[in-house]
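Structures given as C-alpha cells follow.
Below are two complexes that have chain A in common, paired first with chain B and then with chain C.
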Partner chain A sequence: MKVLTLNFLTCAVKACKSSTSSFPLHPKECELVSDSIVPNPALLTNILPRVDWSALITISTELGFPTLPPTAPTIEELQSDEKMMAELHTLLLETQISEGSLVCGNCGHEYKIKEGIANFLLPNHLV
Partner chain B sequence: MAPLTAAKPEEPLTDSKQTSVTLEDDSPQAAPESYEEKHVHAVYSQIASHFSHTRYKPWPIISNFLLSLPSGSLGLDVGCGNGKYLLVNPNLYIIASDRSSELVSIASTYGDRKNETVVADGLRLPHPRGVFDFAISIAVVHHLSTAERRREAIRSILSMLTTTGKAMIYAWALEQKDSRRGWDEGGEQDVMVPWVMKKSKKGLAPGEPNETTYQRYYHLYRRGELEDDVAIVGGKVLEGGYEKDNWWCICGRGEEFAEC
Partner chain C sequence: MEYMIRFTHVHETFRLPEIKALAVLEGIDLEVISYSADSPYCFVKLPSEEAAIKLAKRSILAKAIYEVWGSGSSYEDLHDNVRGVSQHLWPLYKTCSFKFSIDSFQGTRSTETHRKLIEGFKFLEFEGPIRMKNADQEFCLFEEWVFQSERLGILEPHSVHMGRFICGSDRDAIGIYDLKKRKYICTTSMDAELALITANITLAAPGKIFYDPFVGSGSFPVACAHFGAFAFGSDIDGRSIRGKGKSKPNLYSNFVQYGITDLFGDSFIADLTHTPLRKARLFDGIVCDPPYGVREGLKVLGSRDPTKGKVPVIRDGKAHHELDAYIPPKRPYSFLAMLDDILEFASISLVDNGRLSFWMPTANDEDQEIKIPEHHALEIVSTCTQEFNRWSRKLITYRRIPDSEVVAITREKRVKEDGVNADDLNPFRKGYFKGFKAGFR
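Showing the complex of A and B:
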C-alpha cells in the first residue's frame, strides 16, 4: 500500500466518518518497502490538489520521514522543482507499507495490513 | 419487488456428483448479510482463482469510460474482482476494493504490477466522502439481496464522489433472451446461478467428483431499474444503456443527494 493511498482511506465505521479524528488513519508498527517506479509527473501534478496536505504531514511524521513543508507546493512550484518532484514521487508512490496496521483515532479499531493489503471488513460488533 | 421464494437453483441438482450451497431457512429478508455471506462471498472465496482465469478481457464501454478521464484522476473500483480494469489507463490513480480477500490478493498483482487494493465491503467503504473523481462498480450490486441494500450500495459509491464525479455501474439484466440462460422480461429476478468448476482427472482421489457446482445469488435488473435506484438515492443518470446481457449507467450526485 502506497503512502499516497493513506491519504484516501478512513475508518469503515459509519459513525466515525463524521469525526475529524477518523482521518487520517494512524500507521502502527509498519514495515516499509520501496519499489522503483517510473515517474509520471503529469499524474503526480494532477493528483496533488487531491492530497490533504496536513493529513500527509501527519502520516509522514508518524512513519518517521523528514518533515514536509507546512503547505503543499503549488502546481507551478512542483513543475519547476525537479528535486521536489522526485522526493514526492519517492514518498507518495514508491514507498509502501507491507505489514502493520492502521488505527482509527476515533474508535481505536485497528485494520491489519498483510502483504501490502489492508483489511477493512468489520467485526460484527462494529457493523 | 418480486417474491424471493424462487431464489433457488433453476433446476434441482439431483446429480450426486454435484454439490451445491443448500438453501436452508435463511432468507434475504431475515438476514441479508448472512445470506450474502453464504450465497455470494463464500462462493467467490472458493472459485476466486478459476473465476479470475475466465475474466481477463475488459469490456469496451468500461475501457472507453476509463480512457476518457483526465490524467491524474482519482478513482475507486468497488468490487474489483481480479482487477482487470486497473491496467486500462495507467494515468489514473485507482484504489480497488473487494469483499473477497482471495480476489483482492489476485487483483493486487494483476498485470504483473502492484495495484492499490484493500479488502472492504461496498456498503462500508473505508474512504473519505466527496473526494473521488470517478468510480466503477462492475457486476457487483446485483449480488446484494434486497432492494434497500442495492440502493445503499449505489448511495455509498456516489457519496465518495466529488460533486462533479462520475460513477459507472454495471449489473446483470433480466432481459437476456439471446443468452444461453434464457432469462427474459417478466421472469423471476432473484435467482441462483451455477458456477461449475471442473478439476483435471489427474490428482483426483478415488471416487472424488471431477466437478463441483457452486450456486451464486443474483438479482437480475429489469429495464429501467438501475436508473430508478440511482434516482431514488438522489443520484443523477448521465448516460445509460444495455450491453452484453447487462444494464449499465454513468451517474453522478444529483442536487438532492444526501450522504449516508
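Showing the complex of A and C:
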C-alpha cells in the first residue's frame, strides 16, 4: 500500500467518518518497501491538490521520514522544484507498506495489511 | 476539412460515444456530418489533419481515418466529385510513392475489377512509383453495398467514396490484452476490447487517477493504465486481488505481464457500502462492472439477520474478529440499491467533469427493463448497448456536473426492496433464471 493511498483512506466505520481523529489512519508495526517507479510529473501535479497535506505530514513523521514543509507547495512551486518533485515521488508513489496494520484514531479498530494489500472489511458489530 | 472515420462493424452503439469522448479528451472541435449504425463509414468535419490523428490514434472501434477526396452514387459520379472537390490536392502527391486499395462493405469484387476501378483514377496523374508495401501515401476506394447484395443480384454499390489514409487506430491493443493470453483472469473478467472502449469513454489519460470499486482481476485498471491513467481498484472479495497459492498470479501480476506497473495505483479489500475512501474529490474517473448477482453474487458487509452480531464474539479470551482466519459475514444486497450507491459515491469522489462508467444488465422486454439510474450531480453522457438474446448489458457514462451548475432537486428515495434472499433483491437475477418470462416483477 502506497503512502499516497494512505492519504485517501479513513476508517470504514460509518460512525467514525464525522470524527476528525479517524483520519489519517495510523500505521502500526509496519514493514516498508520501496519500488522504483518511473517519474510521472503530470501525475504528481494532478495528485498534489487532492493530497491532504497535514495528514501527509502526520504519516510521514509516524513512518520516520524527514519533515515536510508545513504547507503544501503550489503547483508552480512543485513544477519548478526538481528536488521537491523527486522527494514527493519517492514518498507518495514509491514507498509502500508491505506488512502491518492501520489503526483508526477514533474507534481503535485495526485494519491489517498483508503483502501490500489492506483489508477494510468490517466485523459484524461495526457494520 | 472533411474526414472519414472507418469504423469496424461491431459494437455499433459504442462507436460514436467513443469518438466523441476522444474529441472531448483532446479538445477537438468535432462535427459529425453523417453517421449510420448500418455503415462503417462516418463522415466528420475536423479543424486539421493533426486533429484527425489525435482523434483516431487511440480509438478502439475506429480502424483508420481518411481525408475525403470525394463521394458519389456511382464511380462516374465519384470521378466528377473528386475533380471538383480535391483537384487542388493532386499536385501535392504527384511524385511520391503510392498505392490504391479497395474496401467493399457488404460486397465483393474480383481482383480484375479492382484493377479496372483503380485505373479509372488515372486522371489524377500521379507519376510516383506504385508500392504495395510502405508506400508514402495510401489511397482507398470505399464501396457501400446493400446488405446481401449478391443474393439480391445487385451488381453495383449504392455509394462510393475516395480517401487518403491519415492514420490507423489502437486496435492492436485488443490482441495485446486478449483475455486468452492473460495470465490471471476470473469468471467475470471484462473482454479486452470492451474494457479498452470503456477506458476511452471514461477519458482515461496520462496523469489521471482512476478507480474501480469492483475490481476483480483488474480488467478495467489494466485498460485504463494502457492509456496512461494511474489506476486503483478494490473488491469485497480479497481472493480475486490476492490470487491463490505461492508464486501466485494475481491482480498485480497482470500489470507486470503488460509492463505497466508504473501505473498501478493500489488494490485493497473493501465494500463500497462501507468504503474507507475519504469523502473528497479524489478521482478523474470511475469505471466498474458491478456484480449482477448471476455469475457473481452481489453481497455487502453485514448479517442476513439484522439483529445478529451486534457485539464482538470473544472465544477463549480472544476477540474472534481479530483472528487471521476471521471472515466477516456478508449479506445479499439489491442491485438497484447498489447502482444508487455507485452514483452517490461518484458524485462525492469525482472531480468536476470527471466521468463514471458502469455496466448494467437489463431484459430486452420493455416491461422488464431496468431504468437507467439518475443523480442530480451527474449528467448522462452516453448509453451503449451490447445485445444478447433475451437480455442486454448497457455501458452508461455520466459526467460529474460542477457544483455551480448542479440544480438541487429533492429526489424520491428508491423504495427499499423487501426480503433477504438474492432473488427478492434483484429483479434482473430473478428474470435471468426464469428466462425473462413476463411479469417477473
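Keep this in mind: the second predicted complex is superposed on the first by the 127 of 127 C-alpha atoms of A that agree within 3 Å, B and C clash if a C-alpha of one lies under 4 Å from a C-alpha of the other, contacts with A are read in each partner's own complex, and residues count from 1 in each chain.
Just so it is clear, a contact is a pair of C-beta atoms (placed from the backbone, for glycine too) under 8 Å apart; a residue touches a chain by one contact, two chains touch by 3 or more.
If you're wondering where the values come from, they're calculated on a predicted model, not measured in any experiment.
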**Prompt:** Now for A:23: first (chain B), second (chain C), both, or neither, which partner does it touch?
**Reply:** both
**Request:** Once the structures are superposed on A, label A:84 by its partner contacts, choosing first (chain B), second (chain C), both or neither.
**Result:** neither
**Prompt:** Counting only touches as set out at the top, which of chain B and chain C does A:1 meet: first, second, both, neither?
**Reply:** both
**Request:** Look at A:45 in the shared chain and tell me whether it touches chain B only, chain C only, both, or neither; answer first, second, both or neither.
**Result:** both
**Request:** Determine, under the contact definition given at the top, whether A:10 touches first (chain B), second (chain C), both, or neither.
**Result:** both
**Message:** With both complexes overlaid on chain A, does A:123 touch chain B (first), chain C (second), both or neither?
**Reply:** second
**Request:** Classify the contacts of A:107 with the two partner chains as first (chain B alone), second (chain C alone), both, or neither.
**Result:** neither
**Complete:** So the chain A residues that chain B and chain C both touch are 1-2, 4-5, 8-14, 17, 23, 35, 40, 42-43, 45-47, 50, 52, 111, 115, 117-122, 127
**Asked** Which of the residues in chain A end up touching chain C in this complex?
**Response** 1-2, 4-5, 8-14, 17, 23, 35, 37-38, 40, 42-43, 45-47, 50, 52, 110-111, 115, 117-125, 127
**Request:** State the interface residues of chain A toward chain B in the complex, per the touch definition above.
**Result:** 1-2, 4-5, 8-14, 17, 23, 35, 40, 42-47, 50, 52, 96, 111, 115-122, 127
**Asked** Can you list the residues on chain C that touch chain A in the complex?
**Response** 206-209, 230, 232, 234, 236, 238, 241-242, 261-262, 265-271, 274-282, 284, 301-303, 308-312, 320-322, 326, 328-329
**Item:** Touch list for chain B against partner chain A, complex
**Value:** 33, 70-74, 90-93, 95, 97, 99, 101, 104-105, 108, 114, 116-121, 124-129, 131-133, 260
